[in-house]
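Below: a set of structures, written as structure tokens.
Two complexes are shown next, each including chain A; its partner changes from chain B in the first to chain C in the second.
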Partner chain A sequence: MVNLSVISTIIVQAAMISALYALIAIGFTLIFGVGGVLNLAHGATITMGAFSAYYAGQFGLGVPGAVLASVTIPALFAGVLYLGMVKRLEDEPIMVMITTLVVSVVIEQAIVVFEGTTSRALPPLIQGQFSIAGSTFQNLLGAMFVVSWLLIGLLFLFVNYTKTGKGILAVSMSHKGASLVGIKSSRINLITWIIAGAFAGIAGLFLGSWLTADFAMGQAQLVLSFSIVVVGGIGSIRGSVIGAYLIGFLEIATTNLVSSSLQGLAPLVVLVVVLLVKPEGLFGREFTE
Partner chain B sequence: MSSDAGSPEAAVGSQTGGDSILSIGDVHVSYGKVQALNGVDLEIGTGELISVIGPNGAGKSTLANSISGFLPYDGSISYQGDEVSENDPETLVERGLIQCTEKRDLFGFMSVEDNLDLGTYVRGDYEERLEFVYDLFPTLEERKDQHAHTMSGGEQQMLAIGRALMSDPELLVLDEPTLGLAPVILDDISEGIDRIQEEGVTILLCEQNVTFAMNHADRINLLENGEVVRQGSPEELRDDDYIRESYLGG
Partner chain C sequence: MSDKSTSRLRLLLGQLNPLGLPLRQKIGVLGLAFLIALPLLVSLPVVGQFVVLILPASSWELGLYNVAAALFFAMFAMSWDAVSGYTGEISFGHGLFFAVGGYTSAMLNMGHGFSPWISVLGGVLLAAIAGVMIGVPALRIEGPYLSLVTLVAPLILLQVFIFMSDIFGGEQGLGNPENLVGLGFVSNYFLALGLFVAIFTLLWALTRSNTGSILTAIREDEDAVSAAGLSKAKFKIFAFVLSGAIGGLAGAAYVHTPVGSPTPSELMSVIVNVEVIIAAVLGGMGTIVGAAVGGLFVAMLPDYLNLVEFTVPVIGKSISSMSFFLFAIVTLFLLNIFPGGVLRWGIALGRRATGRDGGDEGMAADGGQSPEDAGTNPVAQTMERYQEYYDNMFGGDDE
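Our next item is the complex of A and B:
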């Protein structure tokens, strides 16, 4: 018999981790929804965020330096990746997939060269614990939840209430329509890549702080992102949030109630079921005609 | 085609009614081995309404897209004295060259008002233009909160023209604005085009509906197989045997 404490642990923990999953998946789906390409370097960008924070700690820059590095370096990297490679291949989505996959491998191998395969501990962001319904959680998880939702909320406000944000929506619906009103799609795409890079970097910072950082940490996150956006509907921000929570809850419930060794299986099971029952995802592509 | 097109009562040549805003010289466009435009010449004077008519596949949309910077071409297309190919489509929009495409290319999951708002993304005063557009097409104001994709074809066409007008165009390129529309909607569009013309906007109307084009245009160009085979005023072309037999039902 499952007791109340276990259920409350599952609910609170899943709510917090799923928020981070949503943040990761939104970056991934934003790039697809607006630019129509899949960024397979998204996982490696998360890894880059974690190692940027790690190096900031090594250089004695403290927590503020780690936070700043984990946001700016992946964001700049994503911007340079778009301008240097993806922009030239935008009309060839398969080539973009191959290119970003290669870039992803290069980043991972570079980390192996410089840091080896050993996991690295990041500077502790926040210490301490808090209790909800008799269960205790790390403050870090609480911060992860708050920061993730804050960023998701800011993105929502940015997209819906700023001129550039409306430009993002316009390009996601019709590239030609956007051009007809003077919106430069390449500029909008660059902005989405930078936002996705920054979100991935923050995710890397939290994941690295919560667990540890290693060269392959982004691989599982890429699979997770892919599962979430397929479940929610590729290109749908709302779908990504719902998909993240669905998979997050299932993952935590599996870990707590069945076996932690089955944790990675949960997203794949949901993915297969959705592909069989509703292949367009729960929300389809909400913007595209 | 021109040699088989009957007696050329209306001459093919360049004439404008005012200072030239758009000048097209010997333009060729091809899609691979298919030649879509083959040496097109055209002049549009400021404030004129020039129409390009012709059957399906004549090259009207290709011409519209070349003028708007969406297609590469050989020859010369000069807008306000500058070569179009040296600008991207968005820069041309900033300079007032606005196209309303055959497919409309609306933002389907946005409201009418958001679509119109985006029309002023790089130029045009929102309040002033919105008043003009709502006055022109009151239906749009009645449906301002409705998503574009839920509207009828005629309403979508009004919205597409309305969005183009929000950008305060200096040259408005209308590609097949009457395509697939019911007669009652045609009247609204027709009245709208008259009002736009009264505002002093220069218009290039690419149109398959010859009667509609003749009712509005200052000069007409007949495009067939990528070539301009007739040019003249609506009156001149109405007297042209070939035009009468082929496009006006005898």
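Our next item is the complex of A and C:
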């Protein structure tokens, strides 16, 4: 039977999972909102974040090393990907989709070659548990919630109160308008890709240490990002956060109350319904905070 | 046997003498003749050993199996090209159709005892219905959003398969349905080749007909199609149903051969969906021929790499153990060098070599223009189309 403690468990659990989902989706929505391209290597960037942390652990760099590696390596990778391939295809969204898709296959297969298909455990970030309303949760998930909101807050401040951030806003609104006032859109795009890569890396770090890391872990995250971004409205950070919470709550509720084998189905169904009923999403089109 | 194939082509091309065909079509006919003669060639005493050397396997039996599998994959790629290459509606989940066709046929055969020849028809029918189900929403959602829907559709199907694994076998698939023509290497090879030629001929003829021109026109300018009094909805749905039915046919026949079985990883995994697009884009989008050639290449390259017994010194891994990784790298490389497809590049190169650059007025609307002709080749047009969607989405700078 559904009682009060089950509901409170679901709410707390869903809030923490949704925070992770928001981290996963923000990078994707940033790139789409600013550059107008779908980065299908986003899932692979998340995988890369998890494996960077894994390797840092293997080299004995400890938790700080793992955190640092999982932020810098994916950020660097995203920057290189933008400069090396995406930049000259910017006017050709399909080629960007196909190229980034192939890049993600390359990364996944590189992991298969060097690490095999087995799951890897990341160095434990935070141990222990805490309890709310009679249910216990991992400290890791609590930290995930805090870090997620901290980063979302920082991103919000960055976008709205710094010169570069305002440049990002301007480019997302109009490429031509931005270049008219002297904003270099390629530089802004590069910054966006780097930020998106860093966010994806952190998401990969938490995802990997919460569950485990394997080569295909990014695929589901890519689909999740899609769903969240479409539900929230493409290009809207606020929409992505709300979309993440909507899908997170829905998923935890269905897996807890209906059947655990439905995991992963909820976001897909929501996505299709939203696409058919309200294709522009809940907060469509604008990129404002 | 090669006479038979040339006569079929001759029929198609009117009363043209095969010797009078353009060079690229001569090469195509020769390639087809080679594929038809392949089982014969391998059994010849000396020639056979050389032929086995160029097959993507260590023995001729396995080689024929691998080529048959590649032929099926080329059919998948052609079915993608028929809708995405021509109308410019990029499908990121064509595996849906292969899976619907394959699973339906396998279930009719295994669960209800239908002969595989009849159950394949059931698979085609249901895949065509799936084409309607994707095609109708495609009228409302545009560009990248449609790509999203098509990307997600096979994932939903996979989740359903996993959720109801007692019916659909989950990730393990459905086991082995009855084979259409037994286990014979040669008979299965000819089954695949026959189906390949049939599908190729159908799509080739159709895309070079008036219908093909309308589909191309949808890719180029939807408003112009409407202005000409043609229903673009009708033709878009037609393209999706056609593509779905053909993909379903290929998928259904595939599971009834020893080379394939109804599993999610073979019919509808992300990798399959991606490979189909890679094959068609690498070969040349919107040409059917390009999809066929690209499909054979994409399917056989990992097989060839599997044969290499060289071990890369520094990392200590053998080439064969990372064949798919190398395949992805090669693909990335080729995509960057030939964004318009290898076929177009080859045709342009051939024209330059034979000194016929620019001519060739009698060519059908197969998009065989030179790659320099930016804005008129299918890839450029599709991109322009998407760019329009994006511009609209981001406030329409041009308006």
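As a working rule, the second predicted complex is superposed on the first by the 286 of 289 C-alpha atoms of A that agree within 3 Å, B and C clash if a C-alpha of one lies under 4 Å from a C-alpha of the other, contacts with A are read in each partner's own complex, and residues count from 1 in each chain.
Here, a contact is a pair of C-beta atoms (placed from the backbone, for glycine too) under 8 Å apart; a residue touches a chain by one contact, two chains touch by 3 or more.
In this text the structure is predicted, and so the values were computed from the model without any measurement.
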Have a look at chain B and chain C on chain A after the superposition and call it: clash or fit. fit
Look at the residues of chain A and decide whether chain B or chain C touches more of them. C
Name the contact category of A:I126: first (chain B only), second (chain C only), both, or neither. neither
Tell me the contact category for A:K184 with respect to chain B and chain C: first, second, both or neither. first
After the superposition on A, what does A:L276 contact: first (chain B), second (chain C), both or neither? second
Using the superposition on chain A described above, determine whether A:M173 touches chain B (first), chain C (second), both, or neither. both
Taking the superposition as given, does A:I98 touch the first partner, chain B, the second, chain C, both, or neither? second
On the combined arrangement from the superposition, state the nearest Cα-Cα distance between chain B and chain C in Å. 7
Mind sorting out which residues of chain A both chain B and chain C touch, each in its own complex? 173-174, 176-177
Applying the document's contact rule, which stretches of chain A touch chain B when the two form their complex? 163, 166-167, 169-170, 173-174, 176-177, 179-184, 286-287, 289
Which residues of chain B touch chain A once you look at their complex with the stated criterion? 68, 70, 88-90, 93-94, 98-101, 103, 105-110, 114, 117-119, 121-123, 149, 163-164, 167
Across the complex, what residues on chain A touch chain C? 36, 38, 85, 91-95, 97-99, 101-103, 105-106, 109-110, 112-114, 172-177, 219, 223, 226-227, 230, 234-235, 259, 261-262, 264-265, 268-269, 271-272, 275-276, 279, 285
Residues of chain C touching chain A in the complex: 90, 92, 137, 140-141, 144-145, 147-149, 151-153, 155-156, 159-160, 162-163, 270-271, 274, 277-278, 281, 315, 317, 321-322, 324-325, 328-329, 331-332, 335-336, 339, 379, 382-383, 386-387, 390, 393-395, 397
